[in-house]
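Okay, so here's the structure we're looking at.
Chain naming follows the written order as A, B and C, and within any one chain the residues start at number 1.
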Amino acid sequence: MIPDPDQNPLFPNDDSTACLVSTEAFEGPLDLLLHLIKKNEVDIYNIPIAAISRQYLDYLDLMRELNLDVAGEFLVMASTLIQIKSQMLLPLSPDPETDDDQVQDPRAELVRRLLEYDRYREASALLAAREILDRDVFARKFLPPELDIEAPDDALPEIDLFELVDAFRRILAKAPKDSFHEVGSENISIADRIADILLYLEGKESVEFEELFIGTNTREFIVASFLAVLELCKLRMIKLSQFENYGSIFVRSAIIQEAA
Amino acid sequence: MMSDISLKQIVESIIFVTDSPLTLDRLCSILEEFEREEIREAIASITADCRANGRGVELVLVAGGYQFRSRPELADYIRRLKRVKPARFSPSSLETLAIIAYRQPVTRAEIEYLRGVDSGGILKSLLDKKLIRIIGKKDIPGKPLIYGTTREFMETFSLKDLASLPTLREIEELADSGDDTDQVPLPLDGTDELF
Amino acid sequence: MMSDISLKQIVESIIFVTDSPLTLDRLCSILEEFEREEIREAIASITADCRANGRGVELVLVAGGYQFRSRPELADYIRRLKRVKPARFSPSSLETLAIIAYRQPVTRAEIEYLRGVDSGGILKSLLDKKLIRIIGKKDIPGKPLIYGTTREFMETFSLKDLASLPTLREIEELADSGDDTDQVPLPLDGTDELF
């Protein structure tokens, strides 16, 4: 790295806020910290926390002065830095949690994150330098008309999960508001149970209510099964009957089977 | 003109990536630093090369423009490709499939209420693809059919069970989290790259 | 086999007309009357010809398949033709892509821990561009979605397969840290979101 002649080596003096940081946008707090470390040419394994924190906070001030929004993540990092700084003031003592005499440097996790982040930033530069389709290299993305035909109706589609969910999200966004309830994971497992129960009832005259709860006996399973039964009743897809008080409840399908 | 790039290469690659025949006029307007005659020669030279080297494609003049086409003798082989073209899914099929996946068991009326349009044709095609099935009929007046997804549906999306479908909330969290989609700042002169 | 048609011509024309990279497996299934080894040789011979004859296109192996692509030196000329804007990636989407490519399968919380910033919007936009996909859910409390890269990612970045991603330098171990490999489990408990 070429030292910037305008910048004093290391840290000019304690009360200087004149530490000029370029106003280029940083991707996030880690990006900014790495920039400060490189600019000051300090060892990443031995970061002078007090000085770097000060410059970091100066930068946040500068952003505010320029009326730039300081994202929450920058503030979280600021408090992390201050916390590390105060821990550094305490004498390093062996970690009471472990038996050995290893001393945990308060900066260790931050250093690891910075190194890791730097590595992925390097990886992104490698990606950017590749021959990118539609920027550096071009291919034919069309078929000649004689091959560009509709796939037969029974062909397997090529879609991924995200497209499916995103399509549902779009529908709900424009659907009448009263028409849906929150689709959470519990509802989905109810859907699973509904499908299972219908399958179980298929071709049977009637079954005992308890039979529907045979399976993995987790609380989640029982709740889902129960809600599935309620939902099926509401949809009038099953009928419940009881012949005596406190007697067995029988469940039968109220679905007219399609002739196969 | 750069040293190791020939006009012939430029012309070849431009015709190669274009999805319709390119006229000489258009080529000349794209490559304005070259003479029309030079470009014409490059085309002639490419045409001759394709023949001389026994290539599988040839440069032909169709509808007033130049285009690479596979040699007619190879048509039998090319046609075999047809069978392997994967099906594309229309947005409306996707919508309908999504509704069935998340709201099953569901009737056609409910699907159409959500989508706001007739969905009979799409249901038919999803049934043909075996992605959905008729679970049965609802025992209410009109006896509407009830739809659900199939085992093939799970396989298509590599789903262990329906509970592994991402929840709507998870997708909404992505969509809502700020407007920091990767909007690239506008380049000043419209040509420069970001990196 | 017909007299004046060579396998090389057949292979060239089939790869040429297809709109996405063709795997050797698919070529073999389309051309079942030929041996796999013959087809492989034809591909090698076409690749060599493109280089030797100073062609404007080359045959490359991307995303596990073969595709003709224009030579990178010609990009400036081809871009003049395309009305569409060239592919652009912002630094933040590249950062996110890199993390997903190298660490997949990876959760949003892990990505955000590594980047230090909220990444929901970027994930949504990468999903929209089909460069990443939802692989499933991680079997930890909260069942967060896990992400991975797609075939389109490999096509876009001209990668033969994921193993040919450029190697990253190893992180020098911290003096006081133990025996970690470079794929360190992140200190996340899986449930809490960072932001």
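Heads up, the rule we're going with is that contacts are C-beta pairs under 8 Å (C-beta built on N, C-alpha and C of every residue); 3 or more make two chains touch, one makes a residue touch a chain.
It should be emphasised that the depicted structure is a prediction, and the values quoted were computed from it without experimental measurement.
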Open item on the list: By Cα centroids, which chain is closest to the centre of the whole protein?
Closed with: C
Open item on the list: Quick check for the class: compute each chain's Cα centroid; which one is farthest from the centroid of subunit C?
Closed with: A
TODO: Starting from the mean Cα coordinates of subunit A and subunit B, work out the distance between those two points in Å.
DONE: 28
- [ ] List the centre-to-centre spacing of subunit B and subunit C in whole Å, with centres computed as mean CA coordinates.
- [x] 18
TODO: Would you mind pulling out the distance in Å between where the CA atoms of subunit A average out and where those of subunit C do?
DONE: 22
Open item on the list: I need the residues of subunit C touching at least two other chains; which ones are they?
Closed with: 16-18, 68, 70-71, 78, 82, 86, 88-89, 91-92, 118, 127, 134
Open item on the list: Multi-chain contacts only, two chains or more: what residues does subunit A have there?
Closed with: 125, 128, 135, 138-144, 147, 160-162, 165-166, 185
TODO: Would you mind writing out the residues of subunit C in touch with subunit B in their complex?
DONE: 2, 4-6, 8-14, 16-18, 26, 29-31, 49, 53-57, 68, 70-71, 73-74, 77-78, 80-82, 86, 88-93, 108, 118-125, 127, 134, 136-137, 145
TODO: Flag every residue of subunit A that touches subunit B in the complex, lowest number first.
DONE: 125, 128-129, 135, 138-144, 146-147, 149, 151-172, 174-176, 179-180, 182-185, 188-189, 191-192, 194-195, 198, 235-237, 253-258
Open item on the list: Touching residues of subunit A toward subunit C in the complex: what are they?
Closed with: 27-31, 45, 71-73, 76-77, 102-105, 108-109, 111-113, 115-117, 119-128, 130-144, 147, 160-162, 165-166, 185
Task: Complex contacts: residues of subunit B adjacent to subunit A - done: 13, 16-17, 19, 69-70, 78-79, 81-82, 85-89, 91, 93-95, 97-99, 101-105, 113-116, 125, 128-131, 134-140, 143, 145-146, 148, 156-159, 161-163, 165-172, 175, 193-195
